[in-house]
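There are structures below to look over.
Two complexes follow with chain A in common, the first pairing it with chain B and the second with chain C.
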Partner chain A sequence: MAYVDEYPRAAKIARWEFGVAFLALALGGVFGLVQALYRTDTFREALPINAADYYTILTGHGVLLALVFTTFSIAALFTWATTRSLERPLASNRLAWGAFWLLVIGTVLAATSILNGFVPQLPFESSDVLFTFYAPMQAHPAFYLGAALIIIGSWVAGAVYFLTYWEWRKDNPGERIPLQTFMVLTTFLMWYLATLGVAVEVVVFLIPWSLGLIDTVDPLLTRTLFWFFGHPVVYFWLLPAYLVWYTVLPKLAGGRLFSDPLARAVFVLFLLLSTPVGFHHQYVDPGIPEGFKFVSMTNTMMLLLPSLLTAFTVVASLEHGARQRGGGGYVGWLRSLPWDRPAFSGCALAGLMFAAGGFSGMINAGMNINYLIHNTLWVPGHFHLTVGTAFALTIMAIAYWLIPQITGKRLQHRRLAMVQPYVWFVGMTLMSNAMHRAGLAGLPRRTAEPMFQEAGSAPFDPVVGTVGEMRLQIAIGSTLLFVALAMFLVVMFGTWLGKSGAAPLAVNGSIPDPLSGPEGSPRVLDNLKVWTAIAVVLVALAYGLPIWSIISDGLLTPGSPPIPV
Partner chain B sequence: MTDDPTTDDGDRHADPAADSPGDSRDGGAGGDGVADGGAAAGTGAADEEGTTRRRWILRLLVGLGIGLPIIIEARTFIGLIRVHLLGQDRDDGGTAGTPTPTAEPSVGVGDELLEGTEPTETVREARIRVSESGWRFELSVAVDNTTDVPYELRLGDVRTTAGEVVDGGASTGQIPPGESAVVEESWPLPAESRPETLQVTALSYTDDGVDLTDETVTIGRVPLEG
Partner chain C sequence: MEIHRFEKLWLAASLVLILGFVATVVYGAVGAGVAMVNDDGGTVDPGDITASENFREPGVYEAGDGEYAVYVEARQFSFRPGSSQPIEVPADTRVTFYVTSPDVTHGFSVVGTNINTMVVPGQVARITTVFEEPGTYHIVCHEYCGAAHHNMQGQIRVVDQSQFDASATGPAAIDDPAAEVSD
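This part shows the complex of A and B:
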């Protein structure tokens, strides 16, 4: 029996959530292409924007993809994972729909205020404050309200998973939490903790400031509160991808998860370490003691441990699958993996690219070497590997497997789907490689006019290739990415329009047991209260004194009036 | 391209039973991925042809998809090793796109205005003051006369990025040996334009007469204020 038949109500919620996510992906993808072509001066005259519009595009690209696409996709994936692994429907469909509509209203408010930059006839006013919407740049109150509703909507969605789990627990006292639900719950515990920062920033400071109720805000405080959330949000994107890599990818490879306890340990480590690291985004900010930046750096480096554990476990699971399929040799088994299946190849390529993103992230996290690439194109080069591929490509890949299950329709345009992950992978390699190299040469990010050729401007000093070559490579890469996105949307659209029940579904959501199950592992791994308490203490240690120091001269001082955008 | 079982990927199995736990070669321990991911079992000629075509496409995809990134990253890596470890010249001869623009050496805050003279002339402040009355380029230079003869620095005309020449004329006056002075000057600029070059004259008053150094200095990026 397909998932849609077993849990029709949850499947309907997941369908709508995926639907909105893919709409945001489409619009954000168009913005991404326009932005890349404008910035690289490719067909610039033919583009319908000017330098001022570039920031509207940039904001729309970031918010629609990093906030909207991600949150809706995660909600859909977690709805499926929770109900499937607990083998019961959601505890409250009404609450789940409430979360969905909160997310939708928030998205409409934020997106409308951003699009006002193009179409002044739309309500509200332009809000070109970029995805990192901290002061002193000021947006219209509707933007902040929208952002707040998206966060609150995600909280409510998380509450539904917890309610469902508690109902399951009443019926199953003493049992180990099913792995997928364990991953959902730890991800949301981390998310609840991390979003406290942005909630305070938006509700206490930015909304009153944008409404004129207070004249100034302290930019350092709001930046700190933003980055309190701004780094763990990366793990809010990545942990759902991990859920797929740990629990579905081994099955797609023809094998089984290597170790359930190791997967649980990894998610516990992310719960503990994701939040007390935000200062590594603020290495050049004055007003934060260097010692706390150092603590943040060490915490960030410790996050490599669960990432490397993941690399080991997932690769071991894939190897097991390949050997089950008849593969052999030290590396020859790789040929036995189902590279023709986009659900598999997309997830595998996403994982491969995430490894590269992890290495460039180590440069970002290093206190001294960060100065080399701070605010350069290196940074977007890095996060296009993480959220732009590790997350986005995983979601696209798993959609090929999951959408038939939640719609009851066979996947359409399968050859297109087979090619799509490879096109994305090559496009991202081209774009991200050039961005990293450009960052090493000092090319700035977040600017429409990087001043390559003005007299007296600092010359850029590329190590490999030329600035012109990098720009061309970025333009080609972004175009390939857009083509891959269009291919994905054609497959999804075709599948959605397909006839339900026209043919028997060929996939099922059953997931084989791990090679090493949870039975022999310490039960404390499942004690979420303990891990949450430790996470709170670590956050208090990392942030308590610096925030006290920042607010000791007053909550709003030294204040900054809004900078119009 | 729809519903061709030979090109199926995500939902290949028409028979759900084939996708159930226990079909795995893993001793029936519950792995269902083998059946889920196995090669298409077409028996007819059409199936065989389709399988061959799909294999060919797959080889191409994997070859390009994995090969291209390896080439790109290897080239980058070798370039980094070549420049940073082996100390060889940078690759400035790219074949695609525009070449790397190379700007002339320019001066900014903290730099010495005339490197060829013995006294130091350090740029203390440089800004473009933006106001309703227009844009003004403001410059302040500290001169430290480390020689044993009187020295004078004069700031002259500024040429803007728009090609316009704006008159200027400020001087430290004669600075006695071992002493310092500051010279400040401002130039009105056409809106949206930036200072590109500055005419600078240095005079050393020796017993034999006046040694004159006249240079056109390229101005670096100057921030806007106001």
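This part shows the complex of A and C:
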């Protein structure tokens, strides 16, 4: 029996959530292509924008992809994972739909005020503040309200998973939390803690300030609150991908997860360490003592541990799968993996790119080498490997496997699906590699025009290659990415148009037990209260003093009045 | 719970790697003396940046002991000094930049050097450097600051000390002839 037959109501919610996520992905992807071509000066005359519109596009790209596509996809995936692993329907469908609509209203408010940037007939006023909305640059209040509703919607979505878990707990006292639910709950505990920062920033400061209720805000304080949330949010994106890599990918490879307890330990580490690290985005901020930056760097480096452990387990599980399929040799087993199945190849390529992204992340995390690349194109080069591929490609890949199960429709255009992950991979290799190198040469991010075009000035001096060659690679890479995205959408759209029950699904949703299960592992791993308490203490230690030192001269001083864009 | 031998090895290797990273940064800060942007620039009122002790009229000042202090105002969409006229400083001399913004957040990064800081309204970013090579350096605003952000750029002209002393503009404050020459 397919998932949709067992849990029709949860399946419907997940379908709608994926639906909105993919719409956001489509629009965000168009913006991505336009801005890549514009800033590399490729066919610029043919593009419908000017340099000022570039920032409207960039705001749309960041918000639609990093906030909307991610949050909706995660809600869909977690709805499936919670119900499947607890083997029961959601505790409250009404609440789950409430979360959905809060997210939708938030998205519509934010998106309308952004799009107002080129369509002034739309309601509100333009909000070209980028997805980081640093004060005192001021967006229309609708933008902030939209952001707040997206956060609140995600909180309600998370509450539904907790309610469902508590119901299950009543019926199953003393049992170990099923692994997928464990992952969902730890991810959300981390998320509740992390979003406190942005919630305070937006609700206490930016909304009243944009409405004129308070005159000034302290830009360093709001910025610090943003990054309190801004780093853990990347784990909010990453952990769902990990959930897929730990629990589904081994099965797609033909094997089983290597170790359940290790997976739990990894998620616990993320709960503990994801939040007290935000200052690593502020290494070059004035107003923050070096010591606090150092503490945050040490925590950041510790965060490498769970990711390195994940690399081990995932590769070990893949190898196990390959050997089950008859593979052998030291690396020869790689050939026995199902590279022609897009759900598998997409996840595996996403994992590979994530490893590369992890290396460039280690550079970002080093307090001193960060000076070389802070706010250069290196940074988007890095996160297109992480959120832009590790997350996005994993979601696309798992959609090939999950969408048939939640719609009851057989996947269409299977050949297109088969090559799609490879096209994305090649496109991203070109774009990201060129962005990294351009960043090393000093090219800034978030900049519409190639700078320093006047004669005789060539400040950007690449170690290898030329700026022109990098631009070309970015343009070609982004075009391939866009093609891959279109292929994915065609497959999804075709599948959606298909008839349910017309053909047997080519997938089954069963997930085999791990090689070593949770039985022997310490029960404290499942004690979410203990881990949450420790996480709160760590955050208080990392942020207590610095925030105090920023607000000790007054909550709103040094204060800046709003500067509308 | 059984932990596989390879798992243990991997765990140990990971921890060593992490400690190694932290150690290199500690070495960089303590041993090699890499200074980082800190809170020692102090705060100012964004509405009146020269009102407090922490910031002066933008320009180049001699700071005693053969050192120089450069006060830069980063605003939509130029650096003062830096954009309409290059900042001129001598080579092989300690130069400390003080940068702040009266409007939105900007960036101040000098291409090809380690000078890279955010410019947050209300805060003064303070960075000390020595330009060893004479030549022209380019300043980039690397934080989005509004519709013409991509036009926000500037120059630093590094010249030999003798040439600097002889030069008509230096070491007087470049953009503001009224400002004092010495500290």
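The definition used in the following text is that the second predicted complex is superposed on the first by the 559 of 565 C-alpha atoms of A that agree within 3 Å, B and C clash if a C-alpha of one lies under 4 Å from a C-alpha of the other, contacts with A are read in each partner's own complex, and residues count from 1 in each chain.
Keep this in mind: a contact is a pair of C-beta atoms (placed from the backbone, for glycine too) under 8 Å apart; a residue touches a chain by one contact, two chains touch by 3 or more.
The structure displayed is predicted, hence computed values, not measured ones.
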With the two structures overlaid on chain A, would chain B and chain C clash, or do they fit side by side? clash
If you stack the two complexes on chain A, which partner ends up touching A:Met367: first (chain B), second (chain C), both, or neither? second
Which of the two partners, first being chain B and second being chain C, lies in contact with A:Thr298: first, second, both, or neither? second
Based on the superposed arrangement, let me know which partner A:Val4 touches: chain B (first), chain C (second), both, or neither? neither
Using the superposition on chain A described above, determine whether A:Ala91 touches chain B (first), chain C (second), both, or neither. neither
May I ask you to decide whether A:Phe460 touches chain B, chain C, both, or neither, giving the answer as first, second, both or neither? both
Quick one: is A:Ala159 in contact with chain B, with chain C, with both, or with neither? Answer first, second, both or neither. neither
Based on the superposed arrangement, let me know which partner A:Lys251 touches: chain B (first), chain C (second), both, or neither? first
Pick the chain C stretch that clashes with chain B in the superposition, from 20-28, 38-46, 92-100 or 164-172. 164-172
On chain A, the footprints of chain B and chain C overlap at residues 451-452, 457, 459-461
Residue ranges of chain B touching chain A (in the complex, touch as defined): 1-4, 7-16, 19-21, 24-26, 29-34, 36-38, 54, 57-58, 61-62, 64-65, 68-69, 72-73, 75-76, 79-80, 83-84, 90-104, 106, 161, 194-197, 218-221
Of chain A, residues touching chain B in the complex: 250-256, 321, 324-325, 338-344, 349, 356, 400-401, 404, 410-419, 421-422, 425-426, 429-430, 433, 436-437, 451-473, 494, 503-508, 510, 512-513
For chain C, which residues count as touching chain A in their complex? 1-4, 6-7, 10-11, 14-15, 17-18, 21-22, 24-25, 28-29, 34, 36-39, 41, 43-47, 103-105, 107, 109, 111-112, 114, 116-126, 136-138, 140-151, 153
Quick check on the complex: what are the chain A residues that touch chain C? 51-52, 55, 58, 128, 130, 134, 136-137, 218-220, 223, 258-259, 261-262, 282-290, 293-294, 297-298, 301-302, 304-305, 308-309, 312, 316, 362, 365-368, 371-372, 374-376, 442, 444-449, 451-452, 457, 459-461, 516, 520-522, 549, 553, 557-561, 563, 565
